[in-house]
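There are structures below to look over.
You will see two complexes here that share chain A, one where it goes with chain B and one where it goes with chain C.
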Partner chain A sequence: MPKCTIDGKEVEFKAGENLVTVAKRVGAEIPVFCYHPGLSVVAQCRMCYVEVEKMPKLQTACSTLAAEGMVVKTQSEAVKKGRAGTMEFLLLNHPLDCPICDKAGECDLQDNSFGHGSEFMRHSEERRTYVDVDMGPVIQKNMNRCIHCTRCIRFGEEVAGIHEMVAIKRGNNIDITTIDGKQLKTEYAGNYSDICPTGSLTLKDFRFKKRAWMLKKTATICEGCSKGCNMEVQQEGNVVYRCVPRENLEINKYWMCDEGRFNYHYVQDPSRIVSPMKRSGDSWLVSPWEELLVNFRTDSAGTGVMLLIGTDLTLEEMKAIQETAKALSPRAAILSFGTPGVESTTQDGPRDQILKMKSKTSNLKGAEMLGIQPLLGAAKSDVVLVFRGGRAELPRIEAKKAYGVGVFLEKERNHFHAILPGLSFLEKEGTVVNHQGKEQSLKRALLPRGKSKAIGEILMLALHQRNGEVTA
Partner chain B sequence: MKEKHLSEKFYQAMKQKESRYPDRKALILPALHQAQAEYGWLPKEVLAEIAEYIGVHEAQIREVASFYTMYNLKPVGKMHLKLCTNVACCLRGADELMEYAEKKLGVKCGETTPDGAFTLSEEECLGACTTAPVMMANDDYVENLDINSLNHFIEKVKHER
Partner chain C sequence: MLAIRKPGFLNRLYLIEIIRGLWITMKNFLFHKKVTLQFPEQRRDYSGRYRGQHYIKAVNGVENCTACMLCPTVCPAECIHIVAGERDDKEKYPVKFEIDSLRCCFCGMCEEACPKDAIKLSNIYEMSQQNRTVYEKDFLMEQRGNK
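This part shows the complex of A and B:
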């Protein structure tokens, strides 16, 4: 492999790698604004200056490819001066509104200004100002904070496949906006906010809700479809404020869709059922776990029992249900449900050119691996036990007795006679298998809400109780 | 088929020019010039039609058309005066000329007179610094301007109508 020298350290590289990537390997962080590994290189912010020996001027590291024997300095006096100069230009029109800006704390402009800029400003003229643009339900644009890195324009063109952001006019009068101020059409608009290096494109869903540094982050997997995008859940005080994509070049690269990004809302929906309850005439009564577990066990031990497993559950939960069913109701039919019309992986496939898959549940492949046959049509049986993670679409149920185990909202409980509340994908750990057959782990980000219990625990309690007393 | 805004002549001219460029995108600038020659300015529908003809997204045409000041995105008067206010002209009194023209025509820079006769706008360097201050009157250069000659020029144009 060819070698070059960065800050006196020799480092190997692959042909075609740029200096930003290679420098990372020796621990030299080069500040960037317009460069993003998932987008084309334009070298227009001029922040990533480095000094390359035998080259007369400072070079932009993002557009300079490493070459055999190249000697690069990333911390020389000339580089520092160059970067400070760039920072001064970028901040000419930038408002000092960090205290009320949502990006503060995770802002590239803030970090790089602190790391490479000067603490003084020579510019005393008036700053240009723009009116905020409403870009639809996902994004709010504040052009005053923009440094025209054009990441958003390139993201739309190259990743989302829709050229909806434009740079109108030029120079000091430049305006990054949508054509005629239209609303964004793409279903991946949340990424605009992620890649924006300033607080110019902010998520309406997150605006003014929480400061970035207060959030606790958990790396988990999105359950929005069978793609299995890697994402990070950001919560504080057991309340999720935002989900952002994590880099995984084999699955979702750097992106995720809006449907997956905002899917978390149902987890903290006030109408989510978090106490065990049973139907009594037209109303619902909150009942003790013991009572419902007795009923659950009695009914599941009878004849004509059907177990329905949502394809949004983890492999561990599915296996636990299969195993418990052997002891609890050996003659029961075990079937899976998830997305109507996409009952098996052969019917699954890309829903668009980017990330979304047809199957709206995360573990269709896993259910198949465990040999669970799909339910076709309505669920007709004397007793139907539905296990669900929260996202699988409920089938029509025609039964004398129906139990719901898992996550249900109030509007969904009319299908059932009793609900045993379970955990959502953010409150449990487990394994899901995506459409490629990759096994990935869910990580617990939240504590369980109310009196909800894990499906494994519910099954175990039901199996080992006698007359309301749990015996080992 | 959508309604066409551009004439057959436009498409013939484009066909001739097409072979001159290695890349179809290079046709954007000549196409905008040609369309402006036909319309006097560039309405949104025309920009959309050019985008469709060249095969790029409308956004790209908008970016190009708004980048160059010589493409008019608003209707202009019969006589479009583009006064240079860049360094050389500025040193030779372009600011006073602009002020005078504004007063004389009764409009602000960037506006058109109510009778549609004149449009006054500001231009960055016109590349004729040796004869500063300069302005462009439609496609012609008027050089070595002073308040007298500017007054004379405007009067002459008014008279000719």
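This part shows the complex of A and C:
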């Protein structure tokens, strides 16, 4: 492999790698604004200056490919002066909005200004201001904060496949906006906020909810579809405030769709059922676990029982249901449900050309691996036990007795006679298999709400109780 | 043998000692500056740096606070709770601003962290209450104190 020298350290590289990537390997972090590994290179912001021997001027590291024998300095005096100059230009028009800006704390401009800029400012002229266009329900725009890195424009063109953001006018009057001031149409709009190096494009959903440094982060997997995008859940005090994508070049690269990003809302919906309940007439009564577990046990032991497993459950939960069913209701038919029309992986496929898959549940492949046959049409049986993680679409249930185990909202409980509340994908650990067959782990980000219990625990309690008392 | 000295007649009167003692009392009473003061009517002037009851500084009736959450971040007692919101005349403002005064340790870090000079500790020191007190935003918005 060819070698070059960065800050006196020799480093190997593959042909075609640029200096930002190569320098990272020797621990030299080069500040960037416009460069993003998932987008094309434009070298507009001029922040990533490095000094290359035998080249007369400073070079932008993002657009300079590493070459055999190249000697690069990333910390020389000329480089520092160049970066400080760039920082000063970028901050000419940037308002001191940090106290009210949602990006503060995770802002590239803040970090690089702190690391490479000057603490004083030399100009005293008025800053330019803009009237902001409405960008639709996902993104809040604040053009005053923009540094024209054009990451958003390139993201739309190259990743989201829709050219909806443009730069109009030139020079100091440049305006990054949507074409004709229309609202954003893409279903991947949340990414605009992630890639924006300043607080120019922020999420409306997250607006003023929390500051970035207060959030506790957990790396987990999105359960929105069978793609299995890697994401990070950011919560504080058992309340999720947002989800952001994590880098995984084999699955979702750096991106995530809005459906998956805002999917977490149902977890903390006030209408989510978090206490065991049973129907009495038209109303619902909160009942003790013991009573419902006795009923659950007796009803599941009879004939004509159908077990429905949502394909949004983890492999562990599915296996636990399969295994306990042998003792709990040996004659039951075990079927899976998830997305109507996408009952097997052969029917699954990409919904668009970016990330979304047709199956709206995360573990369709896993259910097939465990040999669970899909349910076709309505669920007709004497007793139907539905196990669901919260995302799988409920089938039509025609039964004398129906139990729901898992996550249900109040509007969904009319199908059932009793609800045993379970854990959502943010409250449990487990394995899901995405459409490529990759096994990925869910990590617990939240504590369970209310009296909900894990499905495995519910099954064990039902199996080992005698008249409500747990014996084993 | 221990000789017991009998005091003389003048000493037995104690008159000189009484006059001497009275003189000291009268000297302090008449000619010295008083150390105590009549509290509810008279108040002591504290230094401008005294850290007493909190208030939120307002200019023309609009609070300086932009709900940047730096004070709850820096607060070692975690006694400040802010909920941010948006209104027409101000992009970000505190919808709720509460200080749990019993938790507060009056360290003044909130005042130091504030980028907008909004939260201040005044020189008001009479804060005794009969129940647990949480200072609400309306209470804090009243301009009290000396700053």
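The rule we apply is simple: the second predicted complex is superposed on the first by the 472 of 472 C-alpha atoms of A that agree within 3 Å, B and C clash if a C-alpha of one lies under 4 Å from a C-alpha of the other, contacts with A are read in each partner's own complex, and residues count from 1 in each chain.
Just so it is clear, a residue touches a chain if its C-beta (ideal position, glycine included) is under 8 Å from a C-beta of that chain, and two chains touch if they have at least 3 such contacts.
All of these numbers come straight from a predicted model, not from anything done at the bench.
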**OP:** Would you sort A:E164 into first (chain B), second (chain C), both or neither based on which partner it touches?
**Re:** first
Original post:
Looking at the overlay, what does A:P99 touch: chain B (first), chain C (second), both, or neither?
Top reply: second
**OP:** Pick one for A:I179: touches chain B only (first), chain C only (second), both, or neither.
**Re:** first
Original post:
Where does A:R211 make contact in the superposed view: on chain B (first), on chain C (second), on both, or on neither?
Top reply: second
Original post:
Where on chain B does chain A make contact in their complex?
Top reply: 44, 57-60, 62-63, 66-67
**OP:** Name, in rising order, each residue of chain C that touches chain A in their complex.
**Re:** 66-70, 73, 84-86, 91-92, 115-116
**OP:** Show which residues of chain A lie in contact with chain C when the two form their complex.
**Re:** 98-100, 104, 207-211, 213-214
Subject >> Complex interface listing, chain A residues touching chain B >> reply: 157, 163-170, 179-180
